[in-house]
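The two complexes that follow have subunit A in common; it is paired with subunit B in the first and with subunit C in the second.
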Partner chain A sequence: MALLEVEELRVAFGAATAVDGVSFSVEEGKIVGLVGESGCGKSVTSLAVMGLLPKGRGGRRSKAPQPVQAAAAEPAPGAVKATAAAPQAVPAGGGRRRGGGAYVSGRAVFDGTDLLTLAPAAMRRRRGRDLAMVFQDPLSSLNPVVPIGRQITEVLERHRGLKGAKANQEAANLLDRVGIPDPTRRLKEYPHQLSGGMRQRVLIAIAVACAPRLLIADEPTTALDVTIQAQILELLKDLVDHEGTALLMITHDLGVVAGMCDEVNVLYSGRVVESAPVRELFARPTHPYTIGLLGSIPKLDLPIHEPLTPIRGSIADVIRWKDGCAFAPRCDRVAEACVSGEPALVGSPHAHRCVLAEEVA
Partner chain B sequence: MLRYTVKRLLQLAVALLGLTLLLFAWFKALPGGPENQLLPENATDQQREALRAALGLDEPLWVQYGDFVGRAVRLDFGSSLSSGRPIATELADRLPATIELSLAAMLIAVGVGIPLGYLAAKRRGSWLDFSAVSGSLLGTCIPIFFLAAMLKVVFAQELGWLPTTFRLSAGSTYTEVTGLRVLDGVITGEFDIAWDAVLHLVLPAIALSSIPLAVIVRITRASVLDVVGEDYVRTADAKGLKPSVVRGRHVMRNAMLPIATIIGLLLGSLFAGAVLTESVFSFGGIGSFVYQATTERDYPALMGFILVIAVFYVVINLLVDLSYGLLDPRVRVRS
Partner chain C sequence: MSTEPRDEAVQDQAPQDQAVQDHAPQGEPAVEPEVADAEVPAQRAEEPAAPAARPVLLEVEDLKVHFPIRRGVVVERTVGHVRAVDGVSLSVPQGGTFGLVGESGCGKTTFGRAVLRLEEPTAGRVTLGGDDVTALGGERLRKFRSRMQMVFQDPLGSLNPRHNVDMLLSEPLKVHGVGSKAERRKLAVETLDAVGLPKSVLERFPHEFSGGQRQRLGIARALMLRPDLIVCDEPVSALDVSIQAQVMNLLDELQDEFGLTYLVIAHDLAVVRHLSDRVGVMYLGKLVEEADSESIYEHPRHPYTKALLSAVPQPDPEKEATRERIILKGDLPSPANPPSGCRFRTRCPWAEDICAEVEPEWREAASGHKVACHFDL
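The block that comes next holds the complex of A and B.
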C-alpha cells in the first residue's frame, strides 16, 4: 500500500468546485508529479491534503453544499444548471483565499489514517512532522520579522522537543545540509538578507527538519533563476534518494517532471486527465491536453520566426465535466462524442480521460 | 542606527524651529493684543503704549521673535497673565496629571482595542465584528466633552459608583514622588492612595480613550486581516505550530507594525483631547490650564503650552520611528 492514497478528493468553495474527484497515490522513495496550468486545482489538492484550506462554515470537513452535491451525485438537469450558472469563479492559482471556506470530501489516507477526518489538533501534530510542505514563493513564505533560525527552531521545538542551544545546533546542521554556507551566522539573519535560492533552501530545511515521510513541493522552483532551479531540484531529489521520503511535486513545468518524477498525473479543470509513469507519458502522450502541454514547450532549435504553439483559450472558471469533456472547447480534435456524457478515466498503468484516445494514439 | 537617530534628532530640531515661527506669526496675527486684556477699557493710549513697551511689544518683529525663541530654549515662557506665576512652573505642576491621564487612556485603548480588533478580524462577518466596527464608528463620532459629561452624570452623579472630580478624594494626604499619583502610591506603599487615584482616573480615562480605542480597533482589524492572508502564516500553519504561536509570533508581530505607528500619533493627540476631558472632571492637568488661558486670552501661557505639546508630539513620534526599527528588521538595515 502506498504511503499516501488520495481517493476521489473533491474541494468546493461555495458553489464553485476547484477539485472534482482527484485520485492518485504516492509511494515511499518515489516522486509523483501533479501537472497542469494555473487554476487546474493542483495547489488546492495539495493544500487539502495538508489540511491548510480555510474551513467551510458548519464543520471542518463538511460535505459539498447542495447544488454541487446534487450535480456530483446525479446529472439532474436543474442541479447542473445551478452549478453552471453559479456566478462565482473558481479562484485561480495558489492557496490564498479570504472568506468562504472550502468544502472538502473524499479520502486522503496517509499511512492508514484518513487525514481528512482528523481533528484540527491531531492534524497539527502531524503537519510539519509526518508530512511537510515547501511553498512556491520563498520570500513571502518566510516571516519577514523573525530570524530564520527561529523559524527553523520553532518546528524543532514543536515536534522534536529540542530547545535552546540544542535546537540552534540542529538548525545549523539543517542549513548546512541544504547547502547554506556559514549556517551559524545565517541563523541570526532575516529573510530579506538572503538570496532567493537561499530562502528556498531555508524553506526546505524547515520542511525536512523533522524528517517527514511525505514532502509536498508546490512549484518550488517557479520563483527562482534557472541555475538555482537545478540546484534546488537536485537537493529535493537527494532527500528522496537518501531518506526514502515520498515527494509530491506540484508543477506546471514539464521539464521538471521529466527530470524528477517517477509518476505523473496531469490535471485539467479539477480532474486527472492522464496518469502514467514518466517515460510512458513522454513517449506516448494520449490526452489532447497533455499533447498540447508538451507541444507548447518552446524549443530552442526551432527557427526564430517559427511561432510558439500555445493551447488556445484558457481554463474554464467553473468546472464543467457533466455534459462532455471540460477540455473540448479548447481541443483541436473535438468530435461529436466529446460534448455529451462524462469521459471516464480508463487504462492502467497509463490512464487517460479521453473518448477519442484510441484514435488519437 | 546611531546615524539614523542623529538624523532624526536634527529633523526634530528643524521641525520645532518651524513651529516657533508659525506660532509667533499666528499670535501676532490675532486681533486684540494682551494690552487690551491687562488694562481696563478706559485706559488711555499712553497707558497702552507704556505697557506695550514694558512687554517688549514695540520692538521690531524679528527682535521679538529672537527673544521668544531664546527664552523658549531656556524653558522661559514668561509669566502667566492671569495667575502671574511663571508659565514653566504652571506647566511643570500640571504636566504629570495630563501624562497620567493620557497613559491611562492609552492603556485602555491598547488593552481593549488590540484584542477586540484581532477578534473582529478572526471572526470577520460575525456579530462581534459588526459591533466592533460600528461601535468604533460611534466612538469617533461622539464628541469627547459630551461623552465625558455623560459618563460623569451616569456613573458618578446618578449611580455614585465613581468620584465626579479631582485626582484624589478630599483630605487625602499624599506623598509626591513622580507626580503620577497611581505610581507614587505604589512606590511609597500608600496603596489606598494609589487605589483612590485609580478610581478618580477611570471615568476621565474612558472618555479620553474613546477615539484612540476606535482607531486602534479598526487599524488592528484591517492589519490582522491583511496578515492572516500572507503566505508566511500559511507556512506557520504548515509547520503544525500551536495556534497561540501562530497568532503571537507570526500574525501579531507583523500586524503590530502599522498599529505601533498609529499608537504614537494617537498618544500625541491625546494631550489635545485632555483639554476637554480635564475641564469636565476638574482634573487639574495641563488641559484645564489651557482652557482657562484660552478664555482669558493668556497668550504667553498658550504659547508655552503649544510648544510643550509640540515637543511631546515630535519626541513621541521619534520614539515610534525608532521602535519601528526594533519591530521591523527591514527598516533597521535600510537606515
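The block that comes next holds the complex of A and C.
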C-alpha cells in the first residue's frame, strides 16, 4: 500500500470549492507531481494533507460523514467512487459567516492513519517528524528575528529530544548535508543574511531534520534562479534516492515535472483531469488541458519563432464540474457531450477526465 | 512577430506596415523580407528580416549605472559602489527584438531602466534613432519619453487601482497633450482592440481583470503613444503558463502591426529565445555573450551561458533523463565587490589561473557572436 493515499479530498472555503474530489497516492521512494496553474487547488491539497488549513465549522470529518460545504454551492458527488460524501444536507446556516475557514472532507491516509481525522495535538506530533513541508517563499516561511540555527534546533528538540550542544551539532550536520558551506558560522545568522538559494536549503534542512517519510514541496524552486533551481532539485532528488523519502512535488513547471517526477497528476479547477506515469503523460497527453499546457510552453529545441499555441480564455472561464467539464469553455474540441453531465476519471494507470478522448491503454 | 536572421534562406521584400508609426525617427526604413523555409510552419507566412539589413534604432555604448553605498548617520560618506551595470554596449535594429537574460541581481532590470532614463546612467551613451537620450534633460526628455515606453512585470502593481481603463490608457496621451477627449477615447478603443480586449472594458478597474488581461492593459498603455521602442521587463513571468503563451504571441503580433522595436528583459531562457532575434547574456553587470538567438542556443560559447542552458528543465522526460547538467557552485558574488579578472571565475567549472588575473576581452568569436571568455569552449 502506498505511503500516502488521498481519496476524494474536498476543500471548500465558504461557497468556493477549491479542491473538488482529488484522489492520488504517493509511494515510498517515489516523486509524485501535482501540476496545474494558479487556482487549480494544488497548494490547498497539500495544506489539507498537512492539516495546515484554518478550520471551518464541521470541516473535519468525524465518524458520521458531515455535510461538507456549508453553502452547498457545488456539492458535486465524487465522480470516480461515489463515497460516503453523498448526503448533502444543507447545514443549519451560518457556515459562510465564519469567513476563512476551510471545510475539508475525504481521506488522506498516511501509513494507515487518516490524517484528516487526527486531533490537532496528534497531528502536531506527526507534522515535522513523519511528514514535512517545504514552501515556495523561503523568506516568509522563516522567522526573520530568529537565527536559523535556532529554527532548526527547535524541530530537533521537539521531535528528537536533542538539546544544547548536541542539537547545535546536529543542526550543523543538517546544513552541511544540504550543501551550505561553513555551517557552524551560518547557524548564528539570520534569514536576511542568506541568499534565496541558501534560505531554501535551510527550509529543506528543517524539513528533513527528522528524516520524514513524506516530504511535500510546494513550488520549491519557483522563487529561485535557474542555476540555483538546478542545485535545489538535485538536492531533493538525492534525498529521495538515498533516504527513500516520498516526495509530493507541487509545481506549475512541466519542465520540473519531466525531470523529477515518477507520476504526475494534472489538476484543473479542483479536480485531477489527467494522471499518468511521467513518460506516458508526456508521450501521450490525452486531456485537452494537458495538451494545451504542453503547447503553451516555449521550448529550447523548437524552431525559433514558431508561434505558440496558447489555451484561449482564462481560468475564470469555468463551468461547475457537475454541469460538465470545467475546461469546456476554453477547449477547442468541445462538443455537446462535454457540457451534459460530469466527466469521470477513466483509465489506469493513465487516467483522464475527458469524454471525447479515446480510451487510453 | 519579430525578426530572425536566416542568412541562407531566400529572401524577398515586402513592405512593412508603417501606418501607425507617426514618430518614426528614421523615415520609413524597415522592409520585411520574407523567408521561404521548410522548417517554418505555414501559418507564418511572413518571415522577418535579417536585422543587419535594417537601420539601428537603439544604440547603447558602454552604459554604466553605479549606486553609491553610503554609511554614517549625521555625515554620509560614500564607502563604495554597487556596480549594477558596468559597461554594457548593444544595438537593436528598427523592428528588431533584443533579449537580455540573466539571473536576479545581474543588472538587467537596471539596464532597461537606464535606457529609458528611469535610472540615471553613471556613464555611457544611449541613442534612440540618432538622438542622444543621455544628453536630454527637463522638458525635452519628458517629450522624448513618448518614443520609448515600458511594460512591467507585475501588471497589477503597475496599474493605478483607482483608475479605470479609460483613464489608464488616456493618461499618457494627456501628459503629452495628444488629441481631444473624444480622440483619446477613440485611440484607446483602437489600442484595446489591438491587444484583444473589447471596448466594453473601458469603464472597468484593474482588479476586475485576470492576470493575463491586466498584462494586455499594461501593453496597451505602453502602445498608446505609438512608441518606437518598448522595454519589456519580465513581461510574462507573473503569468500562468497557458496565459504566457497568449501574451507572447500578442507581443509578436503587435511588433508587426506597429513596427515596434523591443528590448525584452527576462530570466527565462526559453521565453527570451522565443521572442528575440538577438540575445545578450548578462552576469554581474556585464554582457558575457551576445549572438543571434539561434546560434547562442545552439552553440553557447561562454561557460555561464552553457550552465544556464543546461539548467533549464525541459518538458520532456526522455530529454531530461539524458540532459547534461552543469551545476554551478555557490551564488552570485556581490556586485559591490566583483571578483578580479573574469567575474564568472568563482563559479566557473573551467576556471584557470589566468581568469583571476586578466579580465577577458569582449571579442567576436564567430561572425556576429561575441563572447567574453579567455577560452574557446
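In this section, the second predicted complex is superposed on the first by the 303 of 361 C-alpha atoms of A that agree within 3 Å, B and C clash if a C-alpha of one lies under 4 Å from a C-alpha of the other, contacts with A are read in each partner's own complex, and residues count from 1 in each chain.
Methods note: contacts are C-beta pairs under 8 Å (C-beta built on N, C-alpha and C of every residue); 3 or more make two chains touch, one makes a residue touch a chain.
Just so we're clear, the structure is a prediction, and the values are computed from it rather than from any experiment.
With subunit A as the common reference for superposition, the partners subunit B and subunit C occupy compatible, non-clashing space.
By the document's definition of touching, of the two partners only subunit B reaches A:Leu52; subunit C does not. Of the two partner chains, neither subunit B nor subunit C is touched by A:Ala122. Residue contacts after overlaying the shared chain place A:Ala335 against neither subunit B nor subunit C. Shared-chain residue A:Pro144: touches subunit B; no touch with subunit C. If you count the residues of subunit A touched by subunit B and by subunit C, you find the higher number for C. In the superposition on chain A, A:Glu154 contacts subunit B only, with no contact to subunit C. When the shared chain is aligned, subunit B comes close enough to touch A:Met133, but subunit C does not.
Contact with neither subunit B nor subunit C is seen for A:Val346 once the two complexes are overlaid on the shared chain. Closest C-alpha contact of subunit B with subunit C, superposed model: 5 Å. Shared interface residues of subunit A, touching subunit B in one complex and subunit C in the other, do not exist.
For subunit A in complex with subunit C, the touching residues are 37-38, 181, 195-198, 225-231, 233-234, 252-260, 278-279, 282, 292-301, 303-312, 314-316.
Interface of subunit B with subunit A (complex): residues 124-125, 225, 229-232, 234-243, 245, 249-250, 253-254, 257, 327-330, 333. Residues of subunit C that touch subunit A in their complex: 1-2, 4, 39-41, 43-44, 47-48, 103-104, 210-213, 240-246, 248-249, 252, 267, 269-271, 273-274, 293-294, 297, 307-320, 323, 325, 327-328, 330-332.
Across the complex, subunit A meets subunit B through its residues 50, 52, 95-99, 123-129, 132-133, 135, 137, 140-147, 150, 154-155, 158-159, 190, 192-193, 203, 206.
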